[in-house]
Each structure stands twice: as C-alpha cells, then as structure tokens.
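Read from first to last, the chains carry the letters A, B and C; within each, the first residue is number 1.
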C-alpha cells in the first residue's frame, strides 16, 4: 500500500474512531453514573444528523449557526427527557430499561419519519472547510474530516479535564460510586443527573451533526452506531472513559483498514475483535472509573 | 412444585382452541395463527433464558435466522429436502452458533451480557447481509417445500398448521419437563441468587451454557418452520427489531412463566396487526411503530408482571385487596432486594 | 472422626489491591471439633480472609489447604463440593422456594449434571436425604414445607446454615450468623453452633463479642490486615496487645 494512501486511511480511521468515542462516551456516562442502559442513545445521534439537515434552512444555510442551534436544542431535549422519562428508569431492572428505551427508539424513528420523511439526504460541507490539503504528490485530504477529528479530540480532552480537575467532575465520579454519599454532602443528585444526561445527549447530537456532511443522513443510522458503541464499551470496559477512548480508536482502525484489505468481511471484523477481547479479557481492557 | 391443575387446564385450553381454530378460520387467519405459533416457539426459547435463568439475551433473532438460512442453504436446489435431515440440521446450526455466542457472552455479566448478545446477533446479520453466502439484503427463496416422503405435504397450509402446533406443544412440554429437572432447578437458583449456587458447589457456567444452547436450538427450530411457511429468508429475520419484539412478548405475557411466553406472543402479534390496520388508522397505519413503541413503554411501566399479573393488578386497583399468597410472594421479593 | 484434625488452613495469605495491603501474611487453621472465631474492626480484612478461604478471591500470595489438599487454585464451587460450606452476612436464600426446596437445591450441587433435563428433581433421593439432614441439624423441621420468604429473620439465618449443612460440609465458614438477631434468636443460633462443632470445623466471623467469648474455642484477632493474636478466649481477654489495639476502643 502506498504510504499516502495508508496515511489517508489512518486519518479516516482516527476520525471515525473519535466520532465513535463521542457517542460511546455519552453512553458510558449515562450508564456509569445513572445506572441506565440507554438503547435510545443511538437515536440522539440520528436526531443530530437530521437536525444538521433540517435546521440548515432556518440558520440561513450556515453550518456553524446550525451547530449552535442544534446543541442548544439537544441540551433542552436531554433535560426534558430526563425529567419526563429517564428519571422513572433509575430503580428499574435492566430488562425494563432495555425495553422502555427500545420503545423510545421506535417512537423517535416514527417522529423523525413524520417530520422529515424517510428519504436519504446529503448535507453540504460548509464552504469554509470544503478545501483539501495535499498529501504526498497526487493525493489530497479533505479539510472537513480534519475538522471533525479536531473537534472530537478537543472535546475528549475537555471532558478529561472536567472529570479529573473540576468539582463537577469530582461530584460526577463520586455520584457514580456512591449515591447516598453524594446526597449527604448536600449535592442535588437530581440536578446532577439531569446535567449528565443532557451532556450525554448533546455529545451524541453533536457527533451526529458533524458526521452528517460525511456520512449523509438516513433512517436507521442511529441503530447502527448504537451497536458499534456497545462493542466499544464492551472492549473498553464498562464505565471506563479511558477504555472507551482506546477501544473507539481501535475499532476505527479495524473497521477502516478492514474495508481496504478485507472488504468482504469488513462488517464482521469489529465483532471478531470483540470476540477475541472477550476470550482474553472478559471484563474489557480497562477498569471502571479509569 | 407439583403441577398446578389450574395452569395445566389453562394451557390445555389454549392448545385445544388452537387445534379447533381451522374449523372456523379462513386461509388468512390460518396463516396468521401459524405465524404466531412460530413466534410463540421463539418466545418460549427466549423465556428459558430470560425468565427461567435470568439471562437477558438481546440476540435471539440470530438463532432464529440461522436456523432459517440453514433450511434454505442446505436444501437441494431442484428437489424437496427430507425434513428428517433438514430439521435436525437447522436446529444443530442454530445451536452451534448459540454455543459460540454463549461460550463467550457468558464470561460477562449483567449489562455486558445484553450488549454482547446484541453485538453477536448483529455479526450474524452482517454475515448473511454482506457475504455471498446469504444472498444480500433481498434474501433467498426456497423453491421446494421440504417434506417427509409423500405423505406429509407441508405445502398444504392445514397440514403445516398442525405440524407447527405439534412442535409448539412439544416445545412447551419439553421446557416444562426441563424446568422441573435438576437442570431447571439449578437455572432457577442461578436466576435468584448465583452467589448461593456457587457457594453450594454449583459450577454455574455449564448450566447457563446448556440453557443458552438449548434455547438457540429451539429458536433454530422456529426458523425452520418459518421457512417452510414463507418459502424465503432475508436478513431482517436476524435484525435486532425481532430480538426486541421477542423480549417484549415474554414480558408482555408475564416473565417467569412458560404460559406467559405463549400469551405474550399472541398479544404482541395482535397488537402489531392492530396498529398496522389501515381500516382503523387509515394512512397513519404506516407509522405503526409509533403506537407500538408507546405501548411497549406504557405496558412495561404499568404492567411489569405482564398479562398474567393483570387479574392481580385489577384486583388491587378496584378493591385494594391482595390475597395472602400474593402478599407472601411480594414480601419474599422485597426480601431479595433488601 | 479425629477431633483436632486440621480441616482447613490458610498459610501466609497476602492480598494486595494495587498498593493497598488488605491482608499481610495471615495464617489460620480450623480443626474438627473447634469453633474458631475471627474478630477485628471494620476493614481489618475479615471478609477478605473468608472470601479467600472460600475461593471467591484468589490471594496474591499464600496457600489454602482443605483436607490435606492444596486448593489455592480451586474454584469456589469445587471447594464447596469437597467439604467447604459458607454462609453470607446477607441472606442468600431463595425466598420463593420452600425451606425444603432451598436445602434440596443446595444439596443437588453434589450431583453436577447440567445436561440432565428429563428427571424430576423432586424425586432425587440423594439430594432429598441430604436436605432433610440439613434441616434436622439446623432445627427447622417444623418449617420444612413453608415458603422461605415470610420466615422470621432468625429462621432465615438458620436456613442459611441449613443450606450449608445440606451440602455435607466438613468445614463451615460463617459470616456474621448473628447479625440482626434478637436475644432469643441468638441463643438458638449459639446452641445450634455448639452442637454442630462436634462433627465439623467452624470458622466464625462475628461482631457480637459477648457471644464470641462465650462459645469460641479459639479467637483470632485481626487489625489492619494482620493477625495480632490467636489464642483461647481467656488468654485473648488478658492479652495486652489486643486490649490496646481493639478491645480498648470501646
């Protein structure tokens, strides 16, 4: 393989992996802290992508204004959903959480179908980022993909900082370990949960919005990414933020290079990887909380 | 632990009604009930895992689909296959995949297990969807209905109906016997308190694996029956929507009871038909997932014990009355959580 | 049966969690006919020790010997099938089952046959006999057919012991069998333990000091993951190290 092609694939792998990380991160946060297994998390990604498409006319076609719009809506959506729906799931068994959030997926997909239909849509790459930079003699790499990687990387670093260095991060980490203790410290756990949930939703929505110009927008896109995110979480170790990061990058690599080298089996490769990890380390690569 | 007469009579009546249905049903109805019976077999297979063993498997559709694909792929192209060979082969194919998935996924627990079974089902989905083996997203047709020499013609709907009913009864009885056996009691123990089972000396992994493989094999049987009825397979048979629907069936009927899976399969399919009905919803019927989704959320929220718990629920609401036996059980449950 | 024969022992058991040393070269022995109590403050490592002896945890270092066999690398179920029974601090009974069925299921562990799906478990002679035996030893005969969930707390603790006994153990590891019991229930449990020690070796982790000093033959005192004394109750009572480290706290 030519080096510049290899480099392009590597950058693609990185970009895909980082995007997965954003979505998987929200999933991990919501499970790790609130104890909810949320199947509808993929729907937030889908909603984000459709927002990038549907809100664009309102924002005068400016991608960045759409982005801000979408994020504000995502936080509101997350906050309201936690209040109206997810707060009823805390004390329930996993099976009930699974089914109720599964029901929510069906509802979201139909609402999407009612509002914007079932067609596949493209979202244009914003003019500012539509260029390419040269790689080697003949190859070029689109600036927009670098932008996506950059945004994800910044967010990943920002989250890491929030978790390890701030009071909010400390509260969140303590809340995931011991609910009563946090409550006894006078922290409003209900509010904390709402913030965490809204943040998780916003991450998934943002991932969907910035992915839209690359992947196009189609029904069922949320389910696909949800299941891949489960693989990320299983490989990384449940509740582990660091684990999710490395697992997402690993899957980005396996998936991208799988498509190049083994196109026939590319859909299956990430699952084979998961099987191997389960054989080797059944509880994932990293411990919870790390 | 003896057989409860009331329950046995109840289940007997369901089977009797199913046996008598062709006397009144038209060909559409017979086809529909046939399909529901296949789903009931599938739901029973899942009940063995979820309700009896406490393992929440979100990938049951994979075993169903693999049984079905095996039926098509192993049939000769220009003649009818003998079911003597084909049926066991389908069950075996599904059970083998269940052995693979179970051996790996049972190394994990709780939420992990849910995710891993879902992911492995998706892996099977991609195999039939993307590779030459599975014929892509259109699936494959089966041109000759498998039979048994000449005297059992499964191409005739009525014969197929009773053939399916026979297997439904067989599955039910098989699982009822299994649940009373050493294996079944150990599975119940694992569901309630695995720690105690380990401390008593049970190596629990082989028990769970036995349940998983058995469940997969039964799902493969259902896949075979599905192919015989519809004559084709496609990747959607392995989709996680079916796995979700199956979970919904058993919780809708009443988790922890074999007859719950039976009732749940019927209730769920009729619910689905109801929301799909253009006669009632007109054009909106194409958005039938909306009604289904809301119903799933509401029924899990309001009726976590399923339709089996409905009489008790009504009693509570109307009269504020609980009969003593149920109070004992409720206390017992609270104790488990405390 | 030889009274005084060592049934279960742990030698130089060390457990480290990262940099934290939970157990530091702890050795214990449990003899037949002996009631051996382990006491210590919260966090002294009692639970870790009992989990290592029962096989739920693998020690970082050290050896566990059960009936003259090195069982350090045996799983918990394998140890249980070879004569080690344990009870938990929190009840681990099956609340929906009858008392008899609780014990029968525990006894069924002696017959590991996961592929047997056709027999009726209720007709299994071996497990029924062992279950009845456990129920009789634990003094629960009158409740044999009752559902376990509604029993009183003391009776549930007795059932927890009965389920251990149904597996025909030589050694019993009992984790706070007296926790949450009233005075009368405590007396009944102590009488039961006194009877059981004739044929078994018993390791008892318990917080009720009065009870421990009344019935134990030997007491091991743990502080911060180490054993600071192991002796008869009378000698422990007067041991100065124990007094400063532990009893003096009261």
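Everything that follows uses one rule, which is that contacts are C-beta pairs under 8 Å (C-beta built on N, C-alpha and C of every residue); 3 or more make two chains touch, one makes a residue touch a chain.
Since this is a predicted model, take the numbers as computed values, not measurements.
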Relative to subunit A, chain with the most remote C-alpha centre: C
Closest chain to global C-alpha mean, per-chain Cα centroids: B
For subunit B paired with subunit C, centre-to-centre distance based on mean C-alpha positions, whole Å: 42
Centre-to-centre distance between subunit C and subunit A (centres being mean Cα positions), rounded to whole Å: 48
Where subunit A and subunit B are represented by their mean Cα positions, the distance between them in whole Å: 32
Subunit A residues touching subunit B - in the complex, by the definition given at the top: 31, 37, 88, 94-96, 98-100, 102-107, 109-111, 113-114, 223, 227, 230-231, 233-234, 238, 264-268, 271-272, 274-275, 278-279, 282-283
Subunit B residues touching subunit C - in the complex, by the definition given at the top: 1, 177-178, 180-186, 188-189, 192-193, 195-204, 206-207, 209-210, 214, 328-329, 331-333, 335-336
Contact footprint of subunit A on subunit B as seen in their complex: 50, 56, 58, 104-105, 107-108, 110-112, 114-116, 118-120, 122-123, 126-127, 129-131, 240, 244, 247-248, 251, 255, 287, 289-290, 292-297, 300-301, 304
Contacting residues of subunit C [partner subunit B, same complex]: 54, 56, 75-78, 80-81, 85-86, 88, 91-96, 101, 105-122, 124, 147-150, 156, 163-164, 166-167
